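Only one structure is covered here, and it is reproduced in the block below.
Per-chain numbering from 1; labels A, B and C assigned in written order.
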């Protein structure tokens, strides 16, 4: 008979326990409201508003994040330069940053009179507006996205690009024709994570955009507001919608990751 | 006529560096470069195509200083051991990749078919690259590099991942194609058979230095460095070589 | 021998830690999160003056109320608003006679340092070009109260057009004033005391006739009645020394208490 590997059994046991714990915790969201009240709340103008706002702002944020993260991620993956370590630390810093602190920093920066005046000239207002939501989401999602894109490019051997350049393509053409298509899946995964992070961004959005009811309340803010209002059912429904988005995001991410 | 001339080249990559590399290759030469793993051979090839920044020294191509020229303007092709075919393109588009900027579609097709025929891969042009055999992949990689008629072709152990029989076939095929296209080649290999069959010059690198660059006969009989004699064999006191380097294969002698 | 030694020491350390954390007090107090600063000091001086030990839970008033509803023991209940005590009386957890209106909870206007928009009264809030931050009327008590005050003074509609943000939490409002994002906000006076002392913002009082003043109640629960420590603590809160501490943190004692002391 096979001898028992106790260590392995314990590890599997702990893994099972943690999974169960997470599943039960997340699942508890499902059992609070009745199905009827979920359906009713899903149709409420409040939730529809914040869902629409969330989708719009998160899409815009994802677009900007990708436009920024692609060049930065590529740079950090490919190039050696003076101060690279410092740049890397600065880029990673917001990951370990509480979102509220990030929000405070954004408020202090974008709210300062000079910056606000300069931005206003080009039609951008980044305090208490929907643009502020997008800005907060961008800053929340950017560091994660840069990391994923950097890792993606790390997995693409630079040799492909050397070959492309030896065949007469400029660095930019090579980036477009070789690096981008080869990193396609990782980039898609990064976009999904960027979108999910943007949807879930709370602290920074609350502080920079203010979290005004029916004006700047995206899904997490709706959840928070309704807890304060004592309207638990609507809060839970908002939570369920976000849960669905995260599930979808993780599903797509896992799928693309598996193909990588 | 000298095609490639390298003078006192010095390049740094992290801890590793190439020191004081000097040699020249004439038009029509076929050079094979050997050396232990980590000697800097691949790095040297990549420096010649221009993707690493030089600290010191100069590289001339056709007597023109290309030390600071971007890779895309040098016209030097490269083939890697792991073939590095673009996974998002099929065989045809891999080969046609370098032609896209210069030639119209019709001309591209002609050129690809010609080189594919020469390398006996014209039957797989429509296939995606991930279900090719090792030998086929390597031929596609070579086709991709030579279809643009590079002034100089660099190859980094193109056969080392192949089984001996395929390697033998590839070697002959390559020799024919190279001669047909009258190409100048710098080829990294440890295989004595490659040196005997393909090369008219041989080089040996060790720890970022080029120890010797000469004909194979000279390398065998007059090694300039202990490491060279270790690799190619050293005449002992009794006139016999210790560490036997195999003689030219008899079967191919007349063909050569 | 050695192998068993380490785990035993570990267990002892863990037990010690737990016993340290769960040091039992004589009296359990639930207090609104906004009262943290005065209450902490209050408990310090109470414990120094008396042999009693006090355990305190801070939280949102609704949250604390929920804990009581779930049957958690509580001797003294000090929520941020009268409403919660009223419900507790209704539910029969507290006798109405044990409820004391302790200190006033006064709304006030806060403006950035140097008061750039020259706001000196409630009416000034609706001057042109004033940006206002108010609490969300449904999410926080001060938001609700601010709305009532504005309505009472007939400037609610105009104030609405000046309002740039309805913050779900009162702390946000302070932040927006301190960083100069808005020219004014209505918050609790006691909350503004600390940043005012730091020179981060200025406070503008609302004249009493225009204002609506709330009270912070202290209630000894039915369970706490049997506990001398609870009674003693509740009394301490209303004593001269206690009221001085409240004043220090920007709460004004109810006049009825001052006269009785």
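Here, a contact is a pair of C-beta atoms (placed from the backbone, for glycine too) under 8 Å apart; a residue touches a chain by one contact, two chains touch by 3 or more.
Keep in mind it's a predicted model, so treat the numbers as computed, not measured.
The chain occupying the central position, as judged from C-alpha centroids, is A.
Centroid analysis (C-alpha atoms only) places C farthest from chain B.
A separation of 36 Å divides the Cα centre of chain A from that of chain C.
Averaged C-alpha coordinates put the centre of chain B at 79 Å from the centre of chain C. Inter-chain centre distance (chain A to chain B, centres taken as mean C-alpha positions): 46 Å. For chain C, the set of residues touching two or more other chains is empty. Here chain A touches chain B in the complex through residues 157-160, 162-171, 173, 178, 181-182, 184, going by the rule given at the top.
Interface of chain C with chain A (complex): residues 62, 133, 136, 138-140, 164-168, 172, 175-176, 179-181. For chain B in complex with chain A, the residues that touch the partner chain are 46, 49-51, 70-78, 80, 82, 84, 86-88, 97-98, 101-102, 144-145, 148, 150.
The touching residues of chain A, counted against chain C in their complex, run 104, 107-108, 111, 113, 127-128, 206-207, 210-213, 215-216, 221, 224-225, 228-230.
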